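Working notes, structure below.
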């Protein structure tokens, strides 16, 4: 079975276990495996992307040089980790003075050469969406999903090169291939507030709720994301706006969970809770009647 | 000792692109090491591997040939003919045991002052790390 | 022959050289070189006193050869060769040592710069020692000019050359001359109607006895060299006899093939037989063979029937393409510009939302002859827009994602557009997003100010992040950097000031002309300041936006400049060429033939009698590729022989 | 009348040059009334002592063939030089280094290793290598010192004339000897018995356009005997090699190997041929060019087959 070296990252071990589980399960269903890399550690989150703090870059460089021992491709799920690792690898290739001091500090020379890919890329470029479509067992026909990208998947576009930063389509294409009806809404590439939701909630909160509103007003039944932090912000903003833990108006799920469902996996295995399943039940009952 | 070593690099620059590019580096006051002194030829196509070998045997530590980018040659494709000779020369340099880094072919356009400066910087560094060639003495010692 | 007496002259160039290079030391060391009988320095050798110094020293010191160590030969080689010549020496007994551009300006360390300067001087001494006196090669000049591109630049240049008394071929790829300018409604800053000022010039070209207009034509092949170009031009037939056609338009009425009208950028439709626009020159219909239902075999022929009925019968569907072999002495390139593909700027949604349009499309809409007869309407629903947003620098000054450069004209026409809008829709609101206003030019700043103040335009200093559609409005999200706030405008129409790029065939043409292009694909000039009208390739001159983005006044100025350059070249029946060409040592050449196929100018051939190679000096450009390939060393380049190159190498490495 | 005193001697060579002289046969006899051969170890029993015993300048013309590869070669070259009025480097080895000089692509240790240890036919369990001095019961034995770098004759002694060829062709040899005996003597350093133009000048093959789309080696094809070999993709050194050999190899449908050496104005025979060959590669893109370049097997061995010792670089990095 084709397998990809895989970097989960902290959140997927804690808050976002569902992301990790659903991705691994869907991968298996699609005939490949996510093989967790040896001795991974925290990618340093977006803090590693600042230029003037080399210490923060030591972590991701270590991860990559370790990954390089076991392969030249490293798969990621969390948009944050993806962004950090891909850009760290890119910076390393330039072998700048700062890179040299990082290497000196880490006592291991890393000058790039790891292809950091996002799970979505594997589906698009290696498996191909038509093939995904072939392996769909129970298509989510009629489910209106608003794909939400946020920033880290796409920007800076010059470095990430995943998709058009202004009008991306990779998630929509995936959703279409599993039967959903993707919803185009203006805020799908806007910022969710990131960590500001912790430090300065008042500023971040409107950003997130706008996204939800905009998705909703365009008729989305559900938002699909690829970043635990985005998911957190989109959900909590809804709680703050009168929703409560048992029933809030626009469920946010990981795209891998929808993929899993379409591939005929069991909701428990994908760690989908009832309220997230609600819209899916709706369309299914719709289909029955 | 090795740090004191300043390589002597002979530069053959085509008049229309690379020499103009080198001039541009000057006009923009870009700084680069003084190890390459340039000989202006009309076209990189003028350069014959024999001249490169002679330069090396005379005591040059490196030779830089620079011409227009493929397709931009002022003489249609003189630079392609240089490329043909260069690739075969590289093969022979390997046999001689002369590091390929000592003989470089670069495309530098009249607009690429910074590229020229960069080429000179990197080549000077590389040849400095390789150390002196002094071929003549090597040959005599090998007697 | 006795050893040459060499004089070395070293320039301070003020502090440009002397600031880093210890000139006195270089003089000192130069004077110790073999054959150097005189060495001296001067503050500015290129100045009159400097030149006199050289001239006098040559006489007093009885010098046979001179080395001038100064700026790049690209700057003053000719100057100093002239000086040496005026002092009675052969101009090829002068060599330039470049100790400024490739010396003092690029090295900080005074010791190193000085040493390098010395080596460079030594190289030149070695070269000049072995130089042979040469006489320039004179070649005849074909006193005719080819102008490529029939826009305002080509029109102006053609007229100037023709009025100067020489024949001109004007090659235009489309069915009419006029180019971009014909598409404009008004022109800034004077607001006079574009076609009104262009029209007469177009007619003048058409009527001019010395101008031969070749429309629907393309340059296929260019050979030869300055003064003696041979150009093959391929011309598609118009299928309509210009002499007979009275542009009645009956043919178009019956033509069944409809397609987007390029002149209106596809905002209107035209037939397969059509006239590009009402003032087109020549004033006749053209058949667009590609979109005609069929000529071979003839599928329709309605147009011909109609035309014959009306008695004019000027349509000939059996016309064939023509090939013209032109012989000209000079070529003026005025190939103009196209617009950057706005669909690449996905943040603005051009091509997705019908009401996002380019400035040129808006321009057509403003034009009385345009799709809406000058009314401003939304392409989507034809309503008059109330809120309109102009986005300047769309895809410009963005090295990472789009064009790195500024197209120079957008600030001006955007002001005009916004002003025209407010004029036509008084109760409308016009917003302009800009980075900064570049209104350098006579009356330009005043014009922009006037538009802003009189018409109450809202200028917002900042970029637009994205444009998207929401209930029939275009939501424009941007930032106003002056207030530091993000702004959202719900607009009815968005106009993008997209940048100018070289027209699509520029690269192809450039390689045919052997003329180089710059990093952005525009024709590069021989010198950015001192020779802005010439391509580095001798005999080729540049006019208009094909060389760099410019507005109409600049284009016309450059066109007239290029024309006078061409006239200058044609003014004498012969011209002198560099004699530094290849030569064969006949008694050593064996005629192996290696060199023959290598010459791009077919200057080399094997003499059937002697069986050895020969060089045609009129054709040889002196690139030296043949010399490098000659296995016997019996080919050599005048004044850049292997011996000279090696002497220079030795001068550099043997210290 | 006094006869011209001639000496022949050999250094590091195959003996082919000796045979070339011997093959003069009758001509040699005709020379007999003009010349007196006073030293010719290959043919008659002379000892070095005999040579060393001669007063300096005894010999009028000495023709020495073979390259200088060991101390004996060098010693005898010096002796011969002292004893001779004119010294001629005879044949490719003396003039250019010849085939022996291909040893300059390796070195003494490697040569010894392969000759005395590695070759399958070698039986040398104690791995004994040649020593210049060996102690035996009878006393010390010595053999010449083997050089790492093969030299041309004029790299160890002053040489008056050169005669190229491996070996020099017969009629050239006799005319050279006659010229040296009867005079007038050519300017010092002249190359005798060869043309000033390249072999192509006397080559009878038909030339079309010089273009090489594919390199072909002689064992891979039977070339068209009418057409230029280079244009058939076979590396023929003709263009970079002196004529005068009456193109015997070409007549045998074999390419020129370059034994007549570089042309008067050529800085370096091999370099010049490399440049000429590469220039006519029928390839425009980087990949195509690389492919053709890679298909040239052993550039040094091909382009410097006979002229390694006299080339610009003279040897590979030891």
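A, B, C and D label the chains in the order they appear, each numbered from 1.
Just so we're on the same page, contacts are C-beta pairs under 8 Å (C-beta built on N, C-alpha and C of every residue); 3 or more make two chains touch, one makes a residue touch a chain.
A quick note: this is a predicted structure, and the numbers were derived from the prediction, not measured.
Other chains, considered apart from chain C, cluster as A | B, D (clusters defined by touching). Distance from each chain's C-alpha mean to the overall C-alpha mean is smallest for B.
C-beta contact counts were set side by side for C-D and A-C; C-D has more.
Averaged C-alpha coordinates put the centre of chain A at 73 Å from the centre of chain D. If each chain is reduced to the centroid of its CA atoms, chain C and chain D end up 58 Å from each other. The distance from the centre of chain A to the centre of chain C, with each centre set as the mean of the Cα atoms, comes to 49 Å. Annotation for chain D: residues 266-267, 272, 275, 279 touch two or more other chains. Listed for chain C are residues 598, 625, 628-629, 642, 646, each touching two or more other chains. In chain A, there is no position where the chain touches two or more neighbouring chains simultaneously. Contact annotation for chain pairs lists A-C, B-C, B-D, C-D, with touch applied as defined. Considering their complex, residues 8, 10, 16-17, 19-20, 22-23, 25-27, 29-34, 37-43, 45-48, 50-51, 54-55, 58-60, 68, 71-72, 74-78, 81-82, 85, 109-112, 117 of chain B touch chain C.
Chain D makes touch with chain C in their complex at residues 196-201, 207, 209-211, 238-240, 243, 263-267, 272-273, 275-276, 279-280.
The part of chain D that touches chain B in the complex is made up of residues 105, 107, 147-149, 151, 266-268, 271-272, 274-275, 277-279, 281, 283-284, 286, 289-290, 292-294, 296, 298-300, 303, 312-318. For chain C in complex with chain B, the residues that touch the partner chain are 72-74, 98, 100-103, 105-109, 112-113, 115-116, 119-120, 123, 511, 514, 516-519, 524, 536-537, 580, 598, 600, 621-625, 627-629, 637, 640, 642, 645-646, 648-650, 652-655. Listed in rising order, the residues of chain C touching chain A in the complex are 346-347, 349, 352, 400-401, 466, 468, 470, 475.
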